[in-house]
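The following pair of complexes shares a single chain, chain A, combined with chain B in the former and chain C in the latter.
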Partner chain A sequence: MGKLRINIGLLAVSATLLTGCMGIETQVVDELQLATAAGFKHIKDDEIEATISFPVFLTDKTVKNATLTATDTLNKELRDRQNLKSEKPIVSGKLEVILFDRQLAERGFFDHLDSLMRDPSIGSKVFVVVLDDDPKDVLSKQYGNKDTGIYLSNIIQQNIETGLIPKTNLHLFTYNYYAEGKDPAIPIMAQSRDGVGIRALGLFKHDKLVHQIEKDELFFYKVLFDSNSSGETMAIKFNEDKKASIINVESTRKYEVLQPMSNAEIKIKVKAKMMIREYNNGLLNKDKMKEMENFIKKRFEEKSAELIQQFQQKGTDPLGIGEQVRTRTRNWDKKKWDELYPNIPITVQAEIEMIESGLIN
Partner chain B sequence: MKRWKTIRNKENGKEQQGEEPFQALLQQLVNSDDFIQFTYKSAAGLLCIGYYTSLIDGKILHQDILPNIKSLESIHHLHSLIPIENIIVTSDVTKIKDSLLNGHMMVFITKDIGQIGLVRAPVDNTREVSIPEVEFSVVGPKESFVESLDKNLNLVRKRLPLPELKTIEIVIGTISKTKVSVLYIDGIANKENVQTVTQRLSDLEIDQVNDSSYLTQLIQDNQNSPFPQLIDTERPDRIASALGEGKVAILVDGAPHGLIAPTNLFEFFVAYEDYFLNWAVATFFRLVRFFAVLFSILITPIYVAVLTYHYELIPKDLVSTLVTSRNPIPLPPIMEALILELAIELLREAGARLPTKVGQTIGIVGGIVIGTASVEAGLTSNVLLIIVALAALASFTTPVYQMGNTIRLIRFPFLLMAHYIGLVGVAVSFIFLLIHLLRLSSLGRPFLEPVYPLRLQGLVDSIIRLPIPFQSKRPAQSQAEDDKKFNAMKAKRIKDTKKND
Partner chain C sequence: MEKKEKQISPFLVFFLIHKIQLGVGVLGFQRDIIKFAGNDAWIIVIVAAILVSISLWFMYVLLNRHQVDLIDIHKDLFGKWAGGALSIIWIINWILLAVTVFRNYIEIIQVWIFPIINVGMISVIFIILIYYCISGGFKVVAGLSFLGVVIPFYIFMTFLYPLEYANFRNLLPVWNHTITEMALGTKEMMLSYLGFSTLMMFYPFIKNPTKSQKWAHFGNLFTMVLYLFLMITTIVYYSEKQVNRYVWATLSLWQIVEMPFVERLEYIGIVSWLLIILPNISLNIWAATTGAKKIFNIKSNKLLIGLLVLLWLFVILIKNSDTIAKLNQISSMFGMGLIYGYVPILTVISFIILKRRRKKDGKVTN
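Up next, the complex of A and B:
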């Protein structure tokens, strides 16, 4: 009994003493302004304009999109300025998308990402996107019964899962930024007549936007980028009105680097199984399938080589060819590679197999 | 108080013999209005009969005793006159008193003064063996214990026709004098377990034992733990199977529930019906039950913790549902949760106190009317209403009623900790719970036995239930003297003789 009394006493004492330690600030979810998107726009010199968009949940179960804008030089200062205008404290734990306008992207925005990465409540799966328009303009519009942050995030998510955009997020961006022999690539979004969407894939050298891959070329980029990929689609034109649409069922990509860290040729071998989705060039038969395989192979090799040449010219390496070399050599030297990279002959060898042509009755 | 003391003193004092103390006893007995005493003139002079009307079966008295007793010449001829076995003739006053209180009637004649004949004629007004209500099973035996120790022993013995099935009878309670039977199978049960149980029972210092649950509370290893450390069951088949596993069972006179020890945490989530079902189905049901326990304890605290501290953890598609439902509510999540938990407890308590028919109405009023009304009034969010209701439902899946109550109770410390320090609090509470469970024991055997310490022998029938041939050994926890139930090799080899052979 004595022991029990001592235990209870200890418990009471520690409970009274510890109540001071338990003064943790509560963050009740409905008493917060949950920012879902943050857009940054270059104003002049160091000054940037930041816009956040957040959902306002109405009692009739609809969601209204709202924004707050402030101008300053430091990212967290911006938050404080926005807080002054906000009904509830703004928190960034539910941030889904970070947008930078093109001007800022071309000047480099890594300093701004720094404050976002330092914040433990911001997930590393946040999407980083370049925006061709004014972030304030895009974020203040509402698309459907959700706030714009979630909407934009859904667009990107959907395109990564089923479309032509390679996987991208804050973590991958910083990884590629710091990686030797690889550069970041993130989607470029823009407004169009029917809303907002992904326009291209922006390529970076360090943290500066230097080049972009247009929609039509994304197919080749995606197949070259992923070691295993499937689901990408491409339209091909044989001539003016003879067209076909194909889908990549399964493709593998392999590098062949015979002499790393030298001017020797680097081969990228792609094996792909594809399927015809749409065809308007009369009846399909085996000969025509064979013909198409050859056509696609030729086109794939040409286009890929063209893309890689562009990368080499701009000095960016989104495919991570440098990383492939680095894994195959013990004499890795970043500086030397940077000099070598633009002049290495890189060729693509494709092996295309048409496995299906759909069902026609 | 003083009166009881004097009675006890008399009991403890030296055996008192002779006419003087008997007269005193008679005086004491006659004081009670339901003690009846009358005198006859018989062949051998005056014949006196005394008994408690409330304890004696009138039918036996009228048919077997009174017609035959008139020709009584000597008290020692009693057994030849009355067709009732085991008639005792004694002058021991204590024995006379105990027998009278146990449904005997006393007979004495003036000729043999000081010699009292005791005839057993107890009234049997216990209820009939009925269908188990607490541990109902769709398939399987449908008899449950009743309040009579003899009937209960009969139910167990019918299932275990063995001379090795032994019972030790202990009388507990200074005023209730409750008969308690300790059951075990000699040669299977560990003597140490039997010894521990009998010793703990005979050491008990208590005035009244009205149910077996008194004993659970009194003899379990840690009496301050909210977790029961003895299983109580109303199924004779469950007791029989526990005895077969080398455990010790306790049956209490007047209690329709028997006790099983030693036991472990996992057995509390075993419904006996599991053994009547296919092993895959039974395993699934058991896993559902274990999930239900964790769900019931953790879901409301997690809700409170996440909504109060960790908004980042809410999936983006769920944010709008949660926030919209919480928007009109002026209370912080903990108050909201406490109010609802309290409402559910009120409903349960009201339902338990009221007769069944009114209880159903309470369920409807409480569940539907209060639930929807409080959501519409903006006092609770409907998401939490669903969560709390599910958690309550989950806590009712526990087959052992006592454990179900524990599950409902330990949710509250979790809730408070979740409110104070969020998910860290939930984790800390869980650690405390685990430590407590690890420290618990049942008859000195570890409470988390097949899992920690890990014993494969018991694991086949704990969280999962493997096919019966796999359970060829008795669980390690009962430390059976003979731990082999049957030959596993023979059990697994199913051989059909074919016609052609």
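Up next, the complex of A and C:
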């Protein structure tokens, strides 16, 4: 036994020494360029221009935003070209946001996502965003004491958490891209006077941008989209000078599909509890509350129906109505559903309850 | 039966059976099953576990009757030469299983962590570790199986994170696939449960072996629970066509996990997985060595080194993912054939032969 121990000890020592010959690339954080955002812009045909932005940490503890741009046809080739210009090797382990310009989004960009999905160093939580402006332009600006990638990612993260836009990331995009009966929807961002902001929600058919939901329609979309949601806000106008702002406290959404895979009506039932945040039409009494409930109910039903009709016309299904049907029937047929979808009557029934009106009446 | 001090308590069979079943396949078993059975894949996990339990029952019937290991059963039933030849088939099977697990794990390291790692060198280090485990005897291997279940168990908790994005409607409608599709899926699923045939080697090392049967079934049940959990998580987290794109669906589940202290969990997970596969490989190699030692009457130590060198050669000679896929296919078909063809037949043959012998003996005494 003693001899065996010595043998094993020798082997263990040699094993530790062998680790040197393992051919492992060491990657020290200080000696890397950690890309935080990547923006892609369509140039012509297959050619794309890619810009990455990364933070440069200065000695006085401030962060400077820096970018590198290159043009090529393949995503990973772009990385190599950028590397040729870079002082330190670029790695994508800290990538937070991927931006595609509108032209690329309309042509379809799933091919470019391939290299991101294939790369184990990129997480599924990366945000995929359509940008209305030139990505190079947006990424090369610095907003506050941060690099632009983190800045953009914070904007999106914050808006998801407060409930203004639905959850979005690379995983959800690919989920919806591959799902039968559901299409992807991702935020569209654009430059404004104060920096960069979310402008709308872009709707996709396969991987092509076909339509968008504007800011003031997001409320309806969000309530319809999530089976349970809260935090969405909406401004309503009764007429020229009577206005109010409300917040959704708690809402539930249910589908009623009586005859799946047929032309029969599909009902979406929404029950929402809402609260008034701002009201400028004098005192708020019980009658006015009641009146408002009715008004919101009517408006909600109209607006939602309008939105869904737009989706049907464009042939995109961001709400996942197809998925609702698919999970309710045993004879699901993707092709047949695609034919049925534009013509199915889909109605929304809302039940609105005003539960609170703030500190004053 | 082995000497008392070399034996283990019956409840450790729980860990041994579970550990040998749950290896490296669990990191990417979903794709092949969902390909056939879609949202019903979770049913298949249960069906396959029941079939495995039946097979375990067959093994126990055989072993309880003979009270020795497979090599001795072969010798007893078919004589030294034919029995030895049959035993060699099983030894090849165990070596093949060890190679499969080992090479797949190395591949995962290559793809996920270090693309340009020196495969030969890293396998040498692992093999030294395996040698260390096996040279300590069966008790060390059993102890390692116990630790290999208990220590890395936290890893399974992290699979709760993806449920944030779960879409439970994906499980509906239940049973919308044909029996043929389900059967094909079950065949694929069975491969994930393989390896428990090593039971036929360590049976004599169990105290009160007949009592260990329930622990073996519990071990199998525990494996099923983990597979079921992962399968349901996969179905609700991915869409059906999406999961077909992911080679390691389980590992890709980790890509969504983000913790304050670590950006990417895969690195921790894959490294922890070493503790899960180490007892797995060790147990297979241990079974092969113990078997070979009995057949050829060679000193175990030299034979073990020989087998580990063979393992190492296999690992460095298999170079690309195509060959690895082929290896997986061969080893799984081989293992399946042995467990679902060979074992039941052997049980029947042993029943007939023993009955005849008893008759003869009876006549002699009369």
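We adopt the following convention: the second predicted complex is superposed on the first by the 342 of 361 C-alpha atoms of A that agree within 3 Å, B and C clash if a C-alpha of one lies under 4 Å from a C-alpha of the other, contacts with A are read in each partner's own complex, and residues count from 1 in each chain.
One rule holds for everything that comes next: contacts are C-beta pairs under 8 Å (C-beta built on N, C-alpha and C of every residue); 3 or more make two chains touch, one makes a residue touch a chain.
Being a predicted model, the structure only gives us computed values, none of them experimental.
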Which partner chains sit in contact with A:166 here, chain B, chain C, both or neither? Use first/second/both/neither. neither
Once the structures are superposed on A, label A:174 by its partner contacts, choosing first (chain B), second (chain C), both or neither. second
Go through the superposed model and pick first if A:57 touches only chain B, second if only chain C, both, or neither. first
Per-residue touch tally on chain A - higher for chain B or for chain C: C
For A:328 in the superposed arrangement: first (chain B), second (chain C), both or neither? second
Could you say whether A:39 touches chain B, chain C, both of them, or neither, answering first, second, both or neither? neither
Chain B versus chain C as contact partner of A:94, first or second or both or neither: both
Quick check for you: in the superposed arrangement, does A:29 touch first (chain B), second (chain C), both or neither? first
Thinking of the overlay built on chain A, is A:117 touched by chain B (first), by chain C (second), by both, or by neither? second
Which superposed partner A:184 touches (first chain B, second chain C, both, neither): neither
Starting from the residues of chain A touching chain B, keep only those that also touch chain C in the other complex, and list them. 4, 22, 24, 93-94, 121, 123
Within their complex, state which residues of chain B touch chain A. 224, 306-312, 314, 316, 319-320, 322-324, 326-329, 332-333, 420-422
Quick check on the complex: what are the chain A residues that touch chain C? 4, 8, 11-12, 15, 18-19, 21-25, 93-94, 117, 120-125, 167, 169, 171-172, 174-180, 182, 323-324, 327-330, 332
Sort out for me which residues of chain A touch chain B in the complex. 4, 22, 24, 26-30, 32, 34, 36, 55, 57-59, 61, 63, 91, 93-94, 96, 121, 123, 146, 150, 153
Considering only the defined contacts, which chain C positions touch chain A in the complex? 111-114, 116-118, 121-122, 124-125, 128, 131-132, 135, 165, 167, 169-170, 172-173, 176, 238-242, 245, 252, 255-256, 258, 263-264, 266, 301
